[in-house]
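Before anything else, here is the set of structures, which you'll find just below.
You will see two complexes here that share subunit A, one where it goes with subunit B and one where it goes with subunit C.
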Partner chain A sequence: MTKQPKRSAYAYFCLFSLYFGAAGGFLYPSLVINSTDGALWLPILLWAGASAASCLLYVRLLRGLKGQPLLPYARGLLGPAAAWLLTFPLLLFAFGAVIVMLRSFSELVTMTLLPTTPISFLDGMIVPAALLAAAGLPPIFRAARLLFLLAFTILLFLLLVGFINTHLYYGGPWLRPEPAFLLSGDFYGGSFLWMGFAFVALCGSYDAEESRAYRKGYLLALGVGTALVLSFVYLPVLTFGRELSSNLTFPFVTKMDSVYQYWIVFENLTSIFLSATMFCLLVVMALKLRTIGSVAHGLWPKLPVSKLVLTASAVVFAVATWIPEWRIIESWLFNSLVIRMYVMFAFPLLLLAAGKRKTAKEESK
Partner chain B sequence: MPALLASLHKWTVDEPARSLNKELALLFADAHDYICVKIGEDGGREVCLCYLSTLASPAKLRFVVSEEAGTLESRLSQYEGTALQEAQADSAEHAICLGMAVLCMEGSSHGLVLNLHKVQQRSLSSPFTENVLQGPLYAFNENLEVNTALVRQRFRSSKLKCLVSDIGTATRTKAAVMYAEDKVDPDCLQRVQDALDGLDVQSVQDTGELLRLIDTKRWARLFPKAVLTERPDRVSSDLLRGKIAILLDGTPFALLLPAVYTDFWHSPEDSYVNPFVSVFLNALRFLAMFCNLTLPALYIALTSINVDVNRLEISLAAAASREGVPYPVFIETMLMLIIIDFITEAGTRLPQAISATVTMVGGVVLGQAIIQANIVSNLLVIIVAATAITNFIVIDYQMGLVQRILKYFVCIGAAVAGLLGIVFCLICLVFYLSCLESFGTPYLTTMLKKKGGGA
Partner chain C sequence: MKPINPTASPASERRREQAQGRKEQGRAKALARLRTAWSGTAALLLLLAAGGCWDSKDVDNRFLVGAMGLDAKSPERLEVWFRVPVTSPMGGGHKSSFFAVSQEGSTVMDAVNRVQYKLPKAIDVSSTRALFLDEQSAQYGLLPYLEFAVRERTVPLDAVVAVVEGGMKRIFESPNPAGELAGIYTKLYFEPYAGGIPRKNKTMLWEVYAKLHNPMHANLIPVLRQEKKDFIQTGNAFFRSDHMAGRLTMDESLLYEMMTKRLTDSEIVLMSRSDLNIVHNKTRVRSRLAGGKPRVEAEISLSVSLLDKSHSKRRSEDEIKEELAEQLDQLSKGLIAKTQKAGSDIFGFGNRFRDRIKPDQWPDLYRQGDIRCTFKIEMRNTGLEFLRA
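Moving on, here comes the complex of A and B:
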């Protein structure tokens, strides 16, 4: 058995940053642009704040795990039946997230680069992610560290290039908040972007030191991720204006398509953007599949995680290929809000409360 | 030799069914170089010296010719060598195979081993595979003792440990495991020792073969898990970085492990030149690696699938260059890559005098002819030539071979899904590398120097 070193804050930072890179450039800009007529940064920062708060809840929970994974801890704390009941929604959440991610990227590739390639073939990209997930969490972190360098170098270049031909007055209103966005489904639909920390918390073992690295890594990545997301949202708006951007399904992809500079060797920057996203996406899919394996292992402890991961990957591939149309994915984003809120806040709060109750009971004895 | 014979007398008491000299004669029957020569008598029993004339040198023995009982006899009078050891049939056989001589007396099952070992070796020369312009210019040879001494001459400390064991039931090849006691990772050392102890093979001829044997995960064998080096300075500096060196008798290459991916891209020279130059050279190598993997694949992707990704002028130039070429881009590229690999392989295997001609004929004449025959485009010839050059920049020969294979894999990816196919293949490669471990050390560890982890 290989002795695994502690994961550094930098390793967490890389993985969390890749999560933002993988999920931020497709649907999210459109959801934010359509959610409000006021300042666009407000919904983004609101979700970033909620994400930080939820992450700190998880950190508090992970701090007390004393080197064990979260789900066996929950099982020990609540008993098998209650733990099963509490963790089953996590499984649904993770399945939904990875299916949506796989299918939406395949759709995007079909729409932009490979129009004649069948979706089932493109969905096959899950295979390396599944194998990486089956190999364990340390290889995922190692791959993330390397791919972060590749992906973010390209993304940084694209963002810098994206600022060409932008006009600040298109981005307004800059300071007028419109609270109406709180009633918009698009605002809540965008919550999927801010949940990377939950996947990492649900797999892997933690102690006080590890949870500190987790917190530091996520908060740093949240800063970078927020800047990245602001760019994904604002660049198309600053180029096309609010009105036109709100009618685009993938505003940032369209923005990339519109960049033309004689000194750039490539004419079609969409393909470069998709390549950078793919670097992020496959690692994040591996992470999500690993989470499914870990959660399923928590529910059925006798089954080995690697087999659960491979089975889950087959199910994800089948469902992602079977989805008949794009609208189903969009509706899932809106309808799964309750599960996402449960994962972000209810689940850690319930476990923290149960832990506190147990400690109080033990002290009274 | 009165003392010597006195000790022989002690062994005459057992009176075995077959005395040692007869046992050895049977074991070495049909070996033309096996010599068993009578060197005297003691108490009416014959004393003889047995050895392999090709491995042992009787020059360390002094004989006197004397007249006893009316006849002239040669008798052993002096032996100059290491301390005597006692041996029975098995150990005596092994000792003879190592180049020792065994002194046996009739009616005894024991013998005395005399070290008459004659060293067969070439002298020290410059490295063949790790040439440098600055730094030490000598390399290991095939003698384990010489190689160990070369390392010791560069690492003069009692902290340097050297464990020796035999590998191979038939060849009994000596392997030396060297490490710095205060630097090595004990877990890794234990793994290496367990792997060596667990070997059940007839023979090991080279450290490359040894590496294959101790690397038990079949699916993970594509990338080398240890650096093969013939430079004592590299071994010495890596020992100080916590690595373990395995030296094998009969081969000039030492194994350095655990190895991580970046180890294969560092030249020993990097430590001897200006640090800025070193960083530049390293960057150049990684760039070359990236070009080697992606250049032919990019040509396939950008001229057949993602034509719109390129600037129009470049796409038109590429299309013009391909005018008249009858094959699809993928076939055209694979054809050229295979031809260039043929030329490389021919250049490597042929004697140096002919290999230059082959390279010239292959590279220039064939290249020119193939363009004129409209079999491939001009652009592809440039790309393939650049790919071949970037492959030669790879420092480690093993890694260079892996690179040669991988570019085909990336080309297939490009032919299937264009740019995304290339990216997909690169991601698969990163995933594969991140799953690998070299004796407990992750293959994709940090590039910073740290204990046991390599570069």
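Moving on, here comes the complex of A and C:
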């Protein structure tokens, strides 16, 4: 295997931030708003904390890899059969994540801009992402650095103009937590936003230095991403109030529709927002497809990653185009919670425990 | 693999290897050129698809609606009016700068579809600048008439909204005196950067729709009436839930703007003996629950300048300020009593109690609330002439 060049914390920061930009603006706000009648920042910060904890688990795991990818390490640690069993859910998880992401964005474009364009055509946006994924992880990081500057400049502008016509009193209750949100499916459905680090950990090789860059990049991006997500959630609420916002499928998109100022020369801010999201989405889908390729390569080591990526892209395209109703996407968000919790916590904990056991055995010998 | 010729000399062997190497290099170059050409063609093909438009209609083949009017005939039936600007290329022989067309339907979208039976081009409501509602639809309840705009994203959410007195026909069929395109005229009428003044209370579609869902904040929508040549504003209609509950005069509307911190531009106040220009307004609202009842205190600070005192030559600054405070105090009492009686919190005070009560409790609590306004007035200047009592 060719040795990959070292990546800086900034490169990781760009990629992780794009993940928040791609996943935070359309599906997530409605889930948070509907999860509670109490303070909205509480479920967001809880997930941010869980995400940081899970990332640190992965960092502990990655720093012991000594320059190899995670899945071959798992194979060496557990043996082929056990590794296969532990890894297969990751494949399902990655497939589900990219299918939902692709189809929900196509659906968003259909609902807002291009109502008569066939879904199969819109789903075709997976082609550039698939080619980027097949080219490898370094091009994904390079594209992330470029598109981060472009997409986040646009998003920053949109967030700033989004403060027009907002009133703090619409955001209440600010200080009243409602523990009932812990029983809400919407609260858990939003977990997909907080696990961008897991995709990166599953592809690529790591050692102590690389894992430090990974940790620094993610924690910085988590700070930026949390601020971004708070804006995506609160700007519509502070404009329309809690009641209407909870009825909207994409609250931030409707918020963009409502912005009108004489000095803003752009007529359609929604399409600008969708373009910025698509820049983020392109890189994030490439990352997810690359993860599918890496995980599948871990399961079937004889098959080349690039071919696995292209095959997976075809499958993702077919399934995303086949989905007949929006409700199926929503039900996947709610029903895939167990698999997401497995990826966030159970998988790294199992590997850490197995690694510890192996070390203890070696020491006793 | 080719058999080795034992009679071949090392030199000829070298020449053959060199020739083979050149051939392979040529083949690799050709392959690279082919790959470049293929990538270029693929990129160009992708570029073709970049537009993403499907079944799109040229702007020449569309009627872009400037203003829409919803005229409820009964709770189940409404007539939708469209005012379409006639641009010069398509206006050959057309005397007017616009044409108006109406269509009945059971819903707005039904009427939009049916009006297509009458027209040679596609009707496009995505550039609508103004949405008019007749008094009847405001009585029946607005929500069913406006849902289409948000759900389908057909009408821009920043379109201005107004209630129309006396039917839609006149307002839609009368030409605008200034000749502006239909819709643009109405938009300019309300916009602060053009003819809008605070009393006109510019209200956008998204605001109306959001307040229809919010039990703690009621709507206040401008009311227009068509005169001989142009329309005028006669007041603002306040709503309870989605039903019209009463009217505010233009002066009461000015006070509403002050209480809700919407008074950003200067506004003239005409009094009995002097005319003042409000140049700055700051409002501080304090709210609390006392014995289960809401108590709201709005402290309104105004900075004014004197425009005219011709009606009374002997007035001091203090007397003018006192008269203004008294006038505003009377207006505020009338305004608050009117809206409390209807249970219509147009000020959105209820939102300040979100931490303490359930939203549905608010309309009843608003009725029982103790709401007071106090006024603090400063005379910034008296213009270029001294005011001597």
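Note that the second predicted complex is superposed on the first by the 361 of 365 C-alpha atoms of A that agree within 3 Å, B and C clash if a C-alpha of one lies under 4 Å from a C-alpha of the other, contacts with A are read in each partner's own complex, and residues count from 1 in each chain.
Throughout what follows, contacts are C-beta pairs under 8 Å (C-beta built on N, C-alpha and C of every residue); 3 or more make two chains touch, one makes a residue touch a chain.
In this text the structure is predicted, and so the values were computed from the model without any measurement.
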| item | value |
| --- | --- |
| First, second, both or neither for A:Thr116, with subunit B first and subunit C second | second |
| Which superposed partner A:Thr254 touches (first subunit B, second subunit C, both, neither) | second |
| Touching partner for A:Trp326 - first (subunit B), second (subunit C), both, neither | neither |
| Subunit B versus subunit C as contact partner of A:His167, first or second or both or neither | second |
| Touching partner for A:Phe240 - first (subunit B), second (subunit C), both, neither | second |
| Touching partner for A:Pro139 - first (subunit B), second (subunit C), both, neither | first |
| Partner chain in contact with A:Phe279 - subunit B first, subunit C second, else both or neither | first |
| First (subunit B), second (subunit C), both or neither touched by A:Leu175 | second |
| Contact residues common to both interfaces of subunit A (with subunit B and with subunit C) | 109, 114, 117, 128 |
| Of subunit B, residues touching subunit A in the complex | 187, 305-306, 308-312, 314, 417-420, 422-424, 427-428, 430-431, 433-435, 437, 440, 442, 444-445 |
| Residues of subunit A defined as touching subunit C within the complex | 109, 111-112, 114, 116-118, 121-122, 124, 127-128, 167, 169-170, 172-176, 239-244, 247-248, 254, 257-260, 262 |
| Interfacial residue positions of subunit C with respect to subunit A in the complex | 46, 49, 52-55, 150, 153, 156-158, 191, 193, 204, 206, 209-211, 213-217, 348, 351-352, 354-355, 359 |
| Contacting residues of subunit A [partner subunit B, same complex] | 2-3, 109, 113-114, 117, 125, 128-129, 131-132, 135, 138-140, 142-143, 145-147, 265-268, 271, 274-275, 278-279, 282, 286 |
